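Labels run A, B, C and D following the written order; every chain starts at residue 1.
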Amino acid sequence: MSDIHPREVLICTIARLLDGVRHVAVGASSPIPAAGAMLLRALKERQDARPVRISILGSLEHNFFTNGSAELFDCAGQGRIDAFFLGGGQIDGRGNVNLVGVGDYPQTSVRWPGSFGAAYLYFVVPRVILFREEHTSRVFVDKVDFISAPGASDEGVYRPGGPYALLTGKGLFSFDKSRPGFTLESTHPGFGLADILESTEFAFEHGEHPATTALPDTATLELLRGRVLDELEETYPEFAAELRRATAR
Amino acid sequence: MSDIHPREVLICTIARLLDGVRHVAVGASSPIPAAGAMLLRALKERQDARPVRISILGSLEHNFFTNGSAELFDCAGQGRIDAFFLGGGQIDGRGNVNLVGVGDYPQTSVRWPGSFGAAYLYFVVPRVILFREEHTSRVFVDKVDFISAPGASDEGVYRPGGPYALLTGKGLFSFDKSRPGFTLESTHPGFGLADILESTEFAFEHGEHPATTALPDTATLELLRGRVLDELEETYPEFAAELRRATAR
Amino acid sequence: MSGLRALAKHIEPGMRIALPVDYAGVSMAMTRPMIEHGAGDLHLVCVPTGGLQVDQLIGSGLVRMVETSAVTLGEAGGAPRFNKAVKDGAIELRDATCPAIHAGLMAAQKGSPFMPMRGLIGTDVLRYRDDWRVIDNPFEPTGDPIVLIPAIKPDVAVFHAPMADRNGNVWIGRRRELAAMAYASKTTLVTVERIVEESLLRDEITAAGVLPALYVSEIAVAPKGAWPYGLWGEYPTDTAEIMRYAAAARTDEGFANYMRRSQPESAS
Amino acid sequence: MSGLRALAKHIEPGMRIALPVDYAGVSMAMTRPMIEHGAGDLHLVCVPTGGLQVDQLIGSGLVRMVETSAVTLGEAGGAPRFNKAVKDGAIELRDATCPAIHAGLMAAQKGSPFMPMRGLIGTDVLRYRDDWRVIDNPFEPTGDPIVLIPAIKPDVAVFHAPMADRNGNVWIGRRRELAAMAYASKTTLVTVERIVEESLLRDEITAAGVLPALYVSEIAVAPKGAWPYGLWGEYPTDTAEIMRYAAAARTDEGFANYMRRSQPESAS
């Protein structure tokens, strides 16, 4: 088999972060989170463990919902969604996420699409995985310009959910809601602490020599390159084909 | 044609009370209100006037709803239902309706089914027609034992709807919400003011010589005995057959 | 797929059980298994009214509280065991009005603690509900009282539907109160007329009427499982049988005899 | 049945217009008739997000305010006319979050002045919405802040669906946000792929996916009426065309050229 592709590291890390969930929802245009969820489902099936349910928004094939676009939020409010993914144009060290824009609201100089469901789902889904492949100080800022959803809430605020981890193209962080803040858990192959410090504006905790992100074993990799990419193809044909090409060498 | 049947008077009176509505909802087991609504619809069709929509609860044929049993109430809340019918184990002179029971709640000595949707619909449907064929002082009491729904509300209470008329087997009353109270408008053939006074516990306004309830003309009666009974048969076969027998002599 | 007895085992003493209205798909097939299972002290939530099943569960002594907008046998008249239990003070009552039951379930569906509702002000329905609240609508500068209905979160919902597929998706058609019950409930037990082989979600036409497996805990097949109630598009109500019950259940002995003798057609 | 122009005439300057999300049935066929009709100063409500249609209406100068959870062209990137209008301060924004839009429509559906909603506390979404309120949940003895979303009552809802029958019933399948929009709106304008002869309510299987005629003001036939968006069960999204738009609409001239030249397939 060829070397492990950086995106395969991300997909396998996501599968690990999702371990134990019964139902994970994946937003539209999120091939890596979708692949991670599909990998976990395949692994659980192989172990004959409790099955994992995946809802992929905007996919007909993986759309279990029959009550319109409100159902995802209802379902989350009922506690039936264990994990979800959030990105962000900006993410700061308190876990605040900005999906709206750069500069002074409302007349932001850069405008992103908007907050979507983040201002709700971040509060009620227990295991929200922040995922952003681009790891630059433009994204990981000291303080977001607009809080689409806060990483932590004051005491007394209904908040069963929140950030669980932050996964980027360079490393993996855990979130401590008591501070609140991030701790660097590991760096991906090819990156070290210095790379992370340089490309992260916000402060975070870290050991002196952070571990390298765990890599998948051969069996897991085979599952990913076989069944999971086949499944993924349905919803993300271009992404699946590209990853196939990149790992076929 | 045979003489006008007392129930035909009721049906024709209901059609008259409904004049001008776009959408009337009829509860389950209410053949006379349903027939009145169907008669109005037929009359409007004959005049080429704006069509009348009828929703009959519990009927598959006349069920326009596709969102479960909540839809009727949503529809009323949206202002899309112009008229509805309410009965009552007890009805008092302030238009209060009791659908729960006789005696001290909760351990009532006589228990009726319950308030159904009355505690909502009476508030939001503009033209609620109180209809109870049995006209006795047992039904038309001075003060109901339990207010399932009040005839009038204090100022400041959201109350676009309320009672419009009270139709019984003996007469027709209008409702004045400023007092609040009923006024006898007419008595049906065979009944006079004395009959009404004797069988009504609550006080009501009335002229010295109340009119007789208007009777349908021949054309209306033909429409009722023909097309309307045909339509009614689908939902209320026994009622339709009985009325047909009674008017066929 | 499971058997009716396996379904009944989900019900524990003291639980809050949601049951649908007459015409929406009552799982009458589950009534006897529930009675035989014997978990009592139940808090029934009728969505939004109750009938034969509620009356039989009350008559069998399993019910502590009934939360409902009405209990009736329809054309067959009042519900005799319910009426007697009320008169005897044998059950607690939470008299409601249909849209308030729907509002409570909707609050649970939305993960909200309550839903506001118009109407109700000045009724004795509201007066006797100390679990409801009245606030002033904060969007109106002058006083505008409005009732808040707290979320109704049943432990178990039980209903009957025409069909389910092998993945556990249940076809409920336009009886969306069944979905509302399932969304709001921790556990949902469903009996169906039949299991179909093709996925009900695969075809958009059938998918429109599906309660997804995500909300369904267990399914059992029970042909004519709503009998003597009807099931839309399947079979009509057996009014004569309900009349027979109504007459029999007027007395304790008559009720006991009826429950001993009369069995659903499919089981006889 | 009516023509597209007749539908557009329902729209008057200053109205609040509800439009569905990309994948739920956008009536792209109505975009040009709306622009030609010219009623401006519109307040768009995206249910719950907007895309191509919203961008084109903004680009055509018809929009005063956008109430939305997002505006995006999906894979084709940001919505260029929207982004420019935001930068120029040419439109007012009511940034929301998806379930808040749904909550506002649900309040209108229920005839309630507001709906409560979890989340939102501490967000800038809430901070900039002075039309929302925060109260203490009256069911909790200790402080428990919760947001109330006021009813959203659009003047007009516009969407596209696969089919309607001669009675005006529209089949929306499981895209129930379309029903929510119609329930909440005074006027509902629908374009469909085709008219079917049999009643959609007659058969319980199709009835489950029907928006009843009661909520539908006018219907026009527009084959491929969602193009370049797709329509579930009918045709896929024409991503290349949306990409073409995204590239063209980066400049004022490019947008004007695109709108002049590019026409829906069915009209070309």
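Basically, contacts are C-beta pairs under 8 Å (C-beta built on N, C-alpha and C of every residue); 3 or more make two chains touch, one makes a residue touch a chain.
Note that the coordinates shown come from a computational prediction; the quantities given were computed from them, not determined experimentally.
With steps allowed only between chains in touch, the distance from subunit B over to subunit D comes to 1. Of the two chain pairs considered here, A-C and A-D, the higher C-beta contact count falls to A-D. Relative to the C-alpha centre of subunit A, the farthest chain centre belongs to B.
Chain geometry summary: the mean Cα position of subunit A and that of subunit B are 60 Å apart. Separating the CA-averaged centres of subunit C and subunit D is a span of 36 Å. One finds 40 Å separating the Cα centroids of subunit A and subunit C.
Between subunit A and subunit D the centroid-to-centroid distance comes to 29 Å (mean Cα coordinates, whole Å).
The set of subunit D residues touching two or more other chains comprises 106, 110-112, 117-118, 144, 146, 174, 179, 207-210, 232.
Multi-chain contact residues of subunit B (touching two or more other chains) are listed as 65-67, 73, 77, 124. Under the stated contact rule, the graph of chain-to-chain touches falls outside the line, ring, star and complete shapes.
By the definition given earlier, chain contacts exist for A-C, A-D, B-C, B-D, C-D.
Interface residues of subunit C facing subunit A in the complex, by the touch rule stated above, are 108-112, 179, 183-184, 201, 207-215. Residues of subunit A that touch subunit D in their complex: 28-29, 58, 60, 65-70, 73, 77, 99-101, 105-109, 111-124, 146-150, 153-154, 156-158.
Residues of subunit D that touch subunit A in their complex: 21, 23-24, 47-49, 68-72, 74-75, 78-79, 82-83, 86-89, 92-93, 95-100, 102, 106, 117-128, 142-146, 174-180, 232.
Residues of subunit A that touch subunit C in their complex: 23, 53, 63-67, 73-80, 124.
Subunit D makes touch with subunit C in their complex at residues 103, 106, 110-118, 133, 135, 137-140, 144, 146, 148, 150, 171-174, 204-210, 232-233.
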